[in-house]
Each structure stands twice: as C-alpha cells, then as structure tokens.
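Next, two complexes with subunit A in common: one pairs it with subunit B, the other with subunit C.
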Partner chain A sequence: MHRRAVLRYVVRRLAIYFLTIFGSFTIAFLFFRMIPGNPLGALLTSLQQRSAYTTAASQEMVDHYTEQLGLSGTIPEQYFRYISNVLFRFDFGPSLVAFPTPSQELIVRALPWTIGLLGLSVIISWIFGIIIGGLVGWMRASPVSNALTTFAIAFSQIPQYIVALILLFLFAFTLAWLPVRNAYPANLTPAFTLEFILGIIKHGTLPALAIVLVSVSGWMLSTRSLVVSILGEDYLLYAQAKGLPRRNIFFHYVLRNALLPQLTALAISLGFIVNGALLVETLFNYPGLGSLLVTSVGILDLNTIQGIVLMSIVAVLTASLLLDLALPFVDPRIRTGG
Partner chain B sequence: MASRKAKVQRLIRFFLLFAISILVVASTVLPAVTFAQSELPVPREETIFLEDTPGPFTAFDSFNTYIPNGNDFANGHIQIGREYLFLANFATGEVEPWIAESFEYNEDYTQLTFHLNPAVHWNDGEPLTADDMVFTINTVLNTPALGGAYSTEIREFVSEATAPDANTVVLSLNKPGPRFVYGFYGQVDGFNIMPKHIWEGQDPLTFKNNPPVTTSVWKLRDALPDLRMFIWERDENYWAKDIRFPEAKYIVYRNAPSSTDADYQEFVAGTIDHAHNIQWLQIQQAQAESPNAISGAFQDPCPRGMWINTQRYPLSNPEVRWALSYLVNREKIGTVIWQPPTVAADHPWSDWALLAPFLDQGVLDEHKIEFNPTRAAEILDELGFAAGADGIRVDDQGNPLSWTIITPAQVGNGEYQIAEDVAAEAAKIGVQLNVQYLAGAPFDEAINTGNFDLTSHWLCGAWLDALDLYQNYTSDRPIPRDGQRVNGGNWIGLENPALDDAVARLKVVSADTPEAQAAYVDALNAWMEAMPAIPVVQTIYVMPWNTTYWEGWPVDENMYTVPFTWWATFYKVPFALKRAGS
Partner chain C sequence: MNKTLLDIENLRVYFHSVRGEYKVVDGVNLKVNRNEIFGLAGESGCGKSTVIEAIMRLIRPPGYIQAGQINFYPESVADNTHPDGKVRQKTGDDTLTAEQLANGIDLVKINERALQQVRWKYISYVPQASMNSLNPIMRIGAQMTDTMLVHSSYSKIEAQQRAAEVLEIVGLPPRVLWSYPHELSGGMKQRAIIAIAMTLNPQLVIADEPTTALDVNVQRAILEAILNIKQESGTTVMFVSHDLAVHAELVDRLAIMYAGKIVEVDTVHKLFKEPLHPYSQRLFASIPVLGGVRTRQESILGQAPDRLTWPTGCRFHPRCPFAMDKCKQIEPPLVEVEPGHQVACHLYYDVDTRAINLTNEKVQNGKLS
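Now for the complex of A and B:
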C-alpha cells in the first residue's frame, strides 16, 4: 500500500513537473514574440550604420536570416519548430549575438561560471546565514543579537552592485589585495592545475563576497524569525527540563526544525542562479549568463533568450521537484497520503 | 551559563572592533591607488592596451564580417586586423593608397580599374593578387544573402569583375558609378578582400574565418572568451615592414568596465592606454590628476539632429518644419547640454574639411538656421494655427499641434535632453512635444514603419560626399506606408522633386566637375528649403590616452588620423606610437 502511494505521488509530481515546464515555456515564448521590434531589422540597420552606408539590406539577405533565425512563418509554426528542435536535437537555434554560433554553445560556455560563482555564493551565504541567524535568534535578548539583526536588516536592502563597487575600490584599487576583474588570471591557460584553481578562487572572491554579504543578511533574518517562532514550543521546554545541554538543544531541536523551510528556500534559490547576477558579472567582467542574457535582450536575440529562460524554468522546477521527492524522506512527519 | 554567554559576546565584540580597525588603518596608510597591475597574457610594456564598448564581446571564434554578428565589431579585426585598398583619412582630408596603388574610371564611369600593390602578401605568406579581389566580388555577386561592407552596393553596380593581370582588377558597372569607388576606402569599415585560398570552397554564410588571414601587420594571437579580450600580435613578416612597422608587439582590445569609476581608476593608473567608458568631466579630472593623461577630440560624421516624418500633416509642410527648427537653441544645447561643449550645426553633416566643397554659403545664408521662437510663432500664426482653449495650437484640420519625439537615447543622455529642451521651447508657443525613449529594436521598428512624428538622434549620411545623404531620401526610394516596414529606405517619406532632380544629375557625374558643383548647390538648396531633418549640434568625441607606456597618440595638436578606436582609420595609430621616453 505504502509503496503504491509513493509511486502514485512520484508519478503525479513528475506529470506536474513536465506540464509546468511546457506551460511556462509556452507563455515565455509567446511573451517574447510579442515584444515590439524586429530583431533582424534593428541589427541590419546598425550594421549598415557601422559600414557608413545606408543602402537598404537586400530582401534576399533579410529573407535568408529570417529563415536561419527561426523567425519565418506564423507564431505557432515558429513555436512547434522550436520545440521539436529543442526536444529532438537539443538545438536552440543560431544565436544573433554571435551568428552562426548556436545559442546552446553560448549558454554552455557561460553556464559553469554562473553556477560556480552563484552556486557557491548561495551555498556559502546559506550556511553562514543559517548559523548566524540561528545564534541570533537563540540569543535574541542580547545586545549583540540586536545589533546583528539591525545590521542585517540594513545590509539586506543594499543592492549587490553597490556592495560590489565598495569592495572593488577597497580591496582591488586601494589595498591591491585582489584582482579588479576577470574570472581567472589572464596569464594562465585554463587547465586543471592548482595554480589555475587558486587563480579562479582569487578572482571569484570579490564578486562572491558582494553576493554573500547581501544574501547572508537575508538568510540570517529568515532563520532568526523561524528560530524565534520555535523557541516557544513545548518540546524545547521539555528538553530543557530534562537537563539536556544547551548546545544539544540548539543544534538538534531548534536549528533542525528551522532547517526544513530553509532547505526548500535554498533549493529554489539554487534554481534561480541560472539567471545570473547581471550587475556583479558586468562589474567584474565575469563571463556568466547574466550579461549574456542582457546582451541578448538588447538586440532581441530570441533564440538565446529563450534558451536561457528555458534553462531557468527547468532548473527551478527541477529543484522544486527534487525537494518534493526528497522531503518525505527527510521529514518523517510529511505523509504522501494513501 | 551566564558567564559563558558573556564571554562569547565579549569575543564577538573584540573581533568586530579588530576587523574594523585593521580596515581603517590599512585604507589610510596604504597609497591611494596601488591596485594590482592588470593581468595581461603578454608583456605590458610591449602592448598597446585598448578597450571599447562596455557591451560584452560575444563572438570569439568567428571573424566573418559578411554575416550578422559574424564578427564582434570592436574586437580589433576591422580596426587593426585587416587592411583596405585605400584609407580615407578624414583628419587630413586625404585618401591614402594602401593595398591598392591607384584606380581610374573610364569616360562614362561604367568601368572602374584598380591597380594593386604587387608587394602585398597575406600574413600566411601567400601573395595577394587580383584573383583574390575578383573572387571576393564574385562571391558577393553570387550570394545575395551576403552582407558586410558594401555588398549591397556591389550587387547593385557590378556586372562583372576580371583580372587582366596579377595586379589589375577591372570592374564593369551596369550603370554609371562615379562614386562607387568610395566603398573601397577604409573608413569605419570598408570593402575587404577575401583570401581566395582560404575562402574558396567554404560557405560564406557560415564560414567562421578563424583565425583571419589578412595583410595586416597584426595577426590574431588569442581570443579569450572568459576574459573578453582579443590579443593581436605583430607579424614579423609584414609586407611593408621596410616602410612602416610598429614598435609595439601586441595590441589588446577588451571590453571597457561597465563602471565608469573603475575605468577611470585603471586609466589614471596607466593600466590601460585608452579608457572608453569615461565621460568628458572624468577626462578633465584625469588630466588634472595625472600628467600622463592626454586627449584628442574629433567630430563624429553625424551631427545630432531631429528627423521629421514628412508624410504626416502638418509636419508635411516645410514651413512647420522650419518653425520647429527655430525652436532649437543650439548655443545653449552646445554649451550646456552636450558634453564636451560643441558648436551649432547649420548643415546636415559634420564640419570636416573633406565635406566643405559641398556647402554653399549663399544657400546657408538664404536658409539661415537660428534660434528664433518669435519667428516660429509667426509662421504658425501665418498658417492659421491658433491656440485652442487649452493653449495648444490647432491646425486647419482641427488637430492639435501635439507630437511625440522618439529617441534611442535614455533619459539624461544628450539626445534625450535635446528633445526635452526643444519641447520646453515649443510649449511656450503652444506646441506640445512629448519625449519618449525607445530602445534599439522598437525605435528601429518605429522609424522603418513610418510610425513616428519626430526623432532626436544622429543625423547621419554624408561621409565622403553629400550625395551619400541626399540619395537616401529621394522619391524613388521605398517609403513606409500604412505601417509597412522598409529596410533602410526613405523612412522620413520625403518627396521633393527638386532634390530628386539634383540627385539624378549628381549620380552620373564626378564630384569635381562643374555640372556636379551646380547640382550640389541645387541639392543643398532643396534640402534646406524642405528641412526634413533639423541639424542641432556637431558631435565631438574626446578620446583619452595615457602616455605611461606609449607616446604619439592623435591629439588636437597633431591629429594625423581619425582617433576613434573603433574605426578602420585607427590602423595608422600603432605605427605612430613610440615607447614613452624613447
């Protein structure tokens, strides 16, 4: 019985998962097609201006690239053609920002940097946010706790870009401790060597720090709220009455119960990292998805935009799905019915 | 319990105070700007380190300039990575032979012959011959979808390309083309010869041309996508080494930092030789802060102006367009709004010496461009466009004089502010002008479908010849009607028989003939009378240079070439640069 219930649960979740991806992407596809402007027209105009000649682009040229970029035909035709290319050939179509390089190639090139920078930043800020938030909530009456809470409230509202600028000027320009830009030292060739890895870490420190300093405040505040709400629970009183050490109560009863909703939030946050951190990436010349997305939006490179959006949808929904499937095992209180 | 808690709190307080103290001391004790030397994969002292647009490079494995975004525009390939038949030096007013030694037309301008320099060879050692140029022309002719500089014009004019000998190319034109040769000059870009031994057998619509084989002294060394950098190295076997050879061994083009302050810091410290994302005030500050910071200013070919949709009534009336022109306070815009301060524009092209022959002072005096809101009001009064109850004038069809100025410039940028200033002046005499920012593609869509009233942006067209401007706005060019899009046609819908006639006469004669001179005067007269585009101010770009490593940059006192790093004419600069202090 129990196995069948689990199986039904999994099948239902998977069905919802695929339907949601399909529906979300369809909405996104139609939305981008409704944006005013002709991507090819704007591009050809700018190319003509750069060449200093304003003779009209030939109709053959326009027709050729309209076809190449998947912009020919009605919107339903474009849609079904695009979906079948993605599903059966993993082909997102040629990009416009770097024609004829396929969009998926650009995305795959940028993806590791975004995942590396944002993934680690999110995880680091989550860990620190949970621990500090837990402690701050646990010792909520103390002046230090109040000071940290106030600090976190203020810091969580500062845009990452501002923090990044301050860090840049302090640690890169003034103190010269860390590099100004780029993802790794320019005088190294990418290779799996200690020197290169250390170079990546060094170059990623400032952008990651900018993200972590702001994000950790958010995690800290949410964890603190959860901990404070848990503190009034009877089972904590019971644990204290039993004489359990405070450290044990904190880690095994308080933090563990606060962890569950934060795990959900972490999974969702990790799904969203695919969008990149545009401003930070731009400031540090980090070759991630954020700047690729904005460049693509700027010239209406629909294939690249759709590719990134589709990846983002899949990432968020997959994270949510995995969490839904894992939670019953993590938390015995959650039943799947049946 | 309590004492342990207190100990933890004391410890936290101590560490916080310690960290803050360290930062304060460090920031005050250490020198202000000692940030780490920029990391270059090549020796800094042998490198010319340039940057261009902050918009990130995206194409790192393709150098095909014939397809959309097949080559990242400002990566150095067009600028210093290849050579052109001639170089149009707008700074000196000369057209300099480069790959070609000379050209000539036949009597009726239906045949154009080029004589190539026999010494030229590709950077892989193969000789450049007439066959390469014929191959290129034929490729463009046989591939209608091929873009790139001058491809459309080649298909319009050329019927055949032949090579009677290894260094002579004869182009047969299917109609007179006295100015057809202009496209073979390197300017921002220009016609470029493909090496036949590289391109033959390739599909030009998808071939990536990586690495590019050219005749330039600079060969591609590296394209680094993760660093957004292109590195070009000196070719020790350059074909003209005995005539000119740069001291620098490398040139690097990278994206400028998005933060102007970060760009400023790097520029002042000498990390980069040119900063592309700092503004005029920052350039001045840099010059005050560092003796190595210098600059050179040059006029862009495109003054700033306001185009008008001449198909829409009453904007279709030239008198109404002139009334709008009288509302433009050019002196104020040139000194207060536009930075750096610039001069008024009273004709639809830049003040380059090369374009001076196409002006006629008599015409300009007759159609005097000035700020005269009183005259503007008089014109509208004479037309019977009186103000309604709300103070806004109404035309004779009962429609309010209320229009929208669209601009691709964001709020706060020059073109937007120009529009706002004109709108403010217009409001004083009962004309309502609304300013709307439209980014890239929507702006392009609006103007190419005729779905606009006025624009505030660049007034481009005339580069080497005023005909370049006029011929785009003749009645036979496609005009957007009923919202139908035209690609680069007569998007303002100008239908002016006098201009049409003058253009037709100019197209069949060379610019230096008496017939052409008369036609130029008539064309200018027709244009100024019609006022389809209101010239506002000349556009000046100031290029900052840092002389820590290299001297000999193009500056005001020695403007030996157009100093724009994104132009093909910038190719001359590396040859002129010498090591600082040498």
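Now for the complex of A and C:
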C-alpha cells in the first residue's frame, strides 16, 4: 500500500474516532440532564446525617453545592464547563458516592479490578471458546460434539448472575472452598506480596468463572458455526484432495480462516469490559466499575455516572480503532484496499 | 506393462434425499490408458463431475459410492527416493507397499491413510471451482509447498524451487509464489491450480472443467499449459468438459456420458467423424460449422431426464428418433463394436444374438450430417 494512502487512512480514521467520542458523549450528557430528580437533595440529606444536625440547608449552602457539583447555569453552560474540565484538567467533578472525593479518583481506583477480572475472563473464554468450538465444528458428526453443542446452547442463554448465584451457593456456601465476597481478604492491606496476590486470585475465581462459563459457550457456538461454514468451502475440499494430513487442514485452512472474524469480535468485547459486569460485580461485592456504577446510579451521582459512561465510550471506540488499524496486518485481503 | 492406468468398473454414486435416491452415476465403465489425454463429455447434470469426485474419493454426504471399483495401476516408482536419488525418510503414512501399488489399488476400498498417500503423489486434481479453491489467507507458494512437503522428501527450499518451476510451465512469473489468491485474476488462479497439480509429477491429473467460465484467450493458454505438461512429463490427463471444441483440440480419446452412464467411447477423430450413438450424433450435429449455408442448428428433442427416476431400458429412448420397443425395456450394454470403439445402443448390438451390426439402415438414413 502506498505510504500516503496509509497516512490518509489513519488520519481519516482518527478524525472519525474523535468525532464519534464527542457526539456520543454529548448525547449521553443530555440524557442525564433529562433524568428527573435532584442529586443535590441526596447530598444534603447525607451531609445532615453525617454531621447530625437537623436545620434545613440555607440557600447559600444549596448554591455552594450546586456550583461545586457543576449544576449551576443553563445546560449549554454546564456542558461546556464539563467538557473543558475533563479535557484540560482531567477533572470529572466531585462524586456523591464518596463526597467530596473526585469522581475520576473513584473510577481510576475501580478500573484495575474491572479490567483484571473482565479482561482475563474475556480472554480466557475467547481462547477456550475458539479451541473447543473449532474442534466441535471440525468433528460435528460425533456424538460428543453434538452433546457439547447442546450444552453450550443452554449455557449461553443462562444469565451470568444466575450462574454466579449457583456457583456462590455451591462453592462458597455449601462447600466453603472459596470466599463469598470482596476482591481480597479484608485482613490484608493491598501490597505486592504473594499472600495478597493469592488472595486476589481466590476471590476472583468465582466471579470470573461465572463470566467465563457463560461467554465461553457464546464464543464456542460462534466459532462452531464459522467452522461449519468453512467446511463447505471449495478450498477445503481441495485441501483434502491435496492429501494433506487432517491436522494440517484443521489449523491452516479451517482455524485460521475462522480466527479473523473472531479477532474482530474479541476486540469489540474487550472494549465493552469497561462497563463492568454490573450484576456479577454487585453480587460478589467486587470493587469494580460495575459496582461503582450501580451505587452511583442509586443516588443519582451524575459526575461519576458521566465519568464511567465517558470511559466506556472511549474504550469501545479505542478498541475498534485499534482493530481497524491492526486488521490489515492480519488479513491480507484488506491490505490492498483503503 | 499394463496399458490401462485407471479402470472404472460399474461405478455407482448415489445421493440420499427425502424424495429417494438420486442415482447420479449409475453404472459407469471406463478405461483410461497410460500417457493419453482422456476426455469426458456430456451435458450438464449427466454426472461427469461426480465420476471425478468419486475417483478422488471426495464424495460428501448425502452422496456415497454405492457400488463399483476404481482400479488404479500406477507405475511402481521407487517409493522412497527423491528425484535427486536421496532416500526419503520413512513417514508414518506409508501404508501402501510397492507390491500393492504394482498390483493395482482399488480407490474405492483403500483406507483414509492410504488414500492420503495416493492423493497428489499419484493422482492430482484440478477442481471445477478453481476460483474458490485456494485458501484466501495463504500465499500461493505456501499452498503449493504444503502438499509437497507432506508427500515428498523435498526440503523447503527445494519445494519452493520446484514450485517456481511449475509456475513457469503454466506461464506464471515466480512472484506469484508470494501473492495471495485475491491478487490474481481468474485465469491466473486457474493456471496456479494447474501448477499445483503438477508439483509432484503425478501419474494421473484429473481436470474437471478447467476452462469453463474463462474467455477463449485464457482457455487457450490453459490448454497449452496442459499440453506442455503432458509433453514434459508424460502424465496421463483425464479431462472433463462439456465443450466439444475443447475436446477436439486437446484429447486423444473421448467418452460421451448421458444420464449417469457412458454411451460411447472412441478416439476423438473417429468420434467426431462417425459417431454411432444417436445421442452422440445429435451432440456433434449441434456444433455450428463455419462457412456454408446458414441453417437452424439441430437440437435434441425433449429434456434431460430426471435423476430420481431414470427412464427404463435405454435412458435416451424418450428423446431418440430411432427408439424401438426393445429400447424401452432392455438397457443396452456398452459393447466394443469395432476395435477401440465402444457404444451402448441396441441399433448396433443385438443382446439376444450377440450380433454386431454396424450398417444399420435406419441410422444411416437418419444421420444428420
């Protein structure tokens, strides 16, 4: 491909990327302003409770907090103030969930847990799903393969939180092999020690398993159907006619062709992990973005909600941007286009 | 040395369906001689490609080989040596002994591993759908060498040299080795496929309509490539096409197929000059002749029969102008009526008296040429 063509492609793609972030965030922002209810009320009530006084808040106080939360002025004013704060100072505004800690601090604190839990779960289920799905499709006539497919169809339809509940009941309550809640043992302070890391793994196993069990079936089914359609291709019949060993055909002709669309799907679902796994995280009291989102929605913590939405918009779009830039290196057919 | 390389006996390939069995190939008998180009012609749906797929054992469910033998008599090549004379390392897939190969193998019966050994090293294949027969994400070179590395003692570099060599024979530059299929034109892909078929100097190359859907220039290039290869290595070629002009140009002997059976076999010259079977006669009469008076082309009356319920007796009888009562009841056998000329028709062979009658009045009078 010509150098200038590459450059033009990258520049155009980047421009689209930033415009999409801007546009989708603007829509999200406007939607939040349309939600009925006043976040201020919740804040004032909690402040009153905290300091145990009963007098109603003065107008001065209300104005002060309105200003501080970024809720003063008209909606366009609020919007531009918010955008410039985020862009130039990476300031998402104070949170309500843990007032007055800034929202970005809460998000940054929750992010590694979510990325760790979901990133690993997604990658693990992708790898297993592709391997199992590939084999199941390759040997689609065998009874084992049929049984696995039936099983996967059933499993992929069960919501993650139901699986999580079953796992919790079995392994945490009944057998008591694994901890019930939290991301690490309560008696340990976060540090880079073996004990602490083992604690994280132990606590992460059940929520990860709940996610993996469900999404591995999804990956498996989609890989299976890709493989089955590849088995009908002329190039596969030809590979057989060439007298290639079955293993060679499976890896070089079947799996490699099935991998390309699955790579696209992986990038997209990695983008979505920033949303967190709302129910699973809440169920296990896991300190990720999902739990944070649930709590902040409960008290209409606009700054935190907006921050999380912005993060996930950026994540999804970045994933697809990286994919667009990387795909030509993986798929020779895209190289000459553009 | 046996003159016959491939001997197909009573081959039947059926396809299951809810409506019944489709008897697509229903009792085919064929002999392909060493070092000839053997043509197989017939209208669409007569079972040409299915015969080919049966030889390659590529029939996929719901199709299956119901009966028959496909005996293959390869020349015994020193099995473990490379063209250089280097001894080949024994690999696990050598299940066919030299003795077995010398006595002939029935391609219908051999197991999967033996089949793998026969494929490409002894018999190679140029598929009908060559446009889609290359793996879209593998370079042409890799698709040429992968089978060579499995079936020979070529090293990677030797295999690549050999690949470049065969590409040259079919008129493609060596850079094609590094191309992906989508970077080649249809004609180039077709030639690459023919090159792949030649990589290991197989004894039989089976080409299924390799020139169909290509314009005449490319067609010519491909026919020349096949002729080149034949002259170069003395490979036997089995060539399937519905295009009689292509057959006239290329093949030595020609078989005409109709409704899942062979109806006539002879050298291509003889067949074009004096076809005996009424179907062949009409087939050749349908070729337009350059010059002379413009006439409406003769066509064969009626439709090709349904594969689910072939007509009884001779399958051509509903469309045959010479049909007799006998034709509706008794299936005519394929009989050699003169040296090298086989035909399946009651007009020339009396099944009761076993008498051959080549000067049948009716046919002489009804002849269209």
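As a working rule, the second predicted complex is superposed on the first by the 319 of 338 C-alpha atoms of A that agree within 3 Å, B and C clash if a C-alpha of one lies under 4 Å from a C-alpha of the other, contacts with A are read in each partner's own complex, and residues count from 1 in each chain.
Just so we're on the same page, contacts are C-beta pairs under 8 Å (C-beta built on N, C-alpha and C of every residue); 3 or more make two chains touch, one makes a residue touch a chain.
Bear in mind that the values here come from a model prediction, so they are computed numbers and not experimental data.
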Contacts of A:R256 with subunit B and subunit C, given as first, second, both or neither: second
Which of subunit B and subunit C A:G73 touches, first, second, both or neither: neither
Which of subunit B and subunit C A:I299 touches, first, second, both or neither: first
Touched partner set for A:L237, first subunit B, second subunit C, both or neither: second
Contacts of A:M61 with subunit B and subunit C, given as first, second, both or neither: first
More subunit A residues in contact [subunit B versus subunit C]: B
Touching partner for A:P159 - first (subunit B), second (subunit C), both, neither: neither
First, second, both or neither for A:A183, with subunit B first and subunit C second: first
Subunit A residues within the subunit C interface of the complex: 233-235, 237-245, 248, 252-253, 256-257, 260, 331-333, 336
Contact set on subunit B toward subunit A in their complex: 1, 5, 9, 12-13, 23, 26-27, 30, 32-36, 38-41, 54-56, 58-62, 67-70, 72-73, 144-150, 152-153, 155-156, 183, 187-190, 205-206, 224-229, 255, 257-259, 261-262, 265-266, 301, 439-445, 448, 460-461, 463, 468, 472, 477-478, 485-489
Contact footprint of subunit B on subunit A as seen in their complex: 35-65, 95-101, 106, 109, 113, 139, 142-144, 165, 168-170, 172-176, 178-187, 190, 246, 282-283, 285, 287, 291-292, 295, 298-300
Residue numbers on subunit C that touch subunit A, as the complex places them: 56, 58, 60, 93, 115-121, 124-125, 127, 129, 131-138, 146-147, 150-151, 180, 182-183, 196
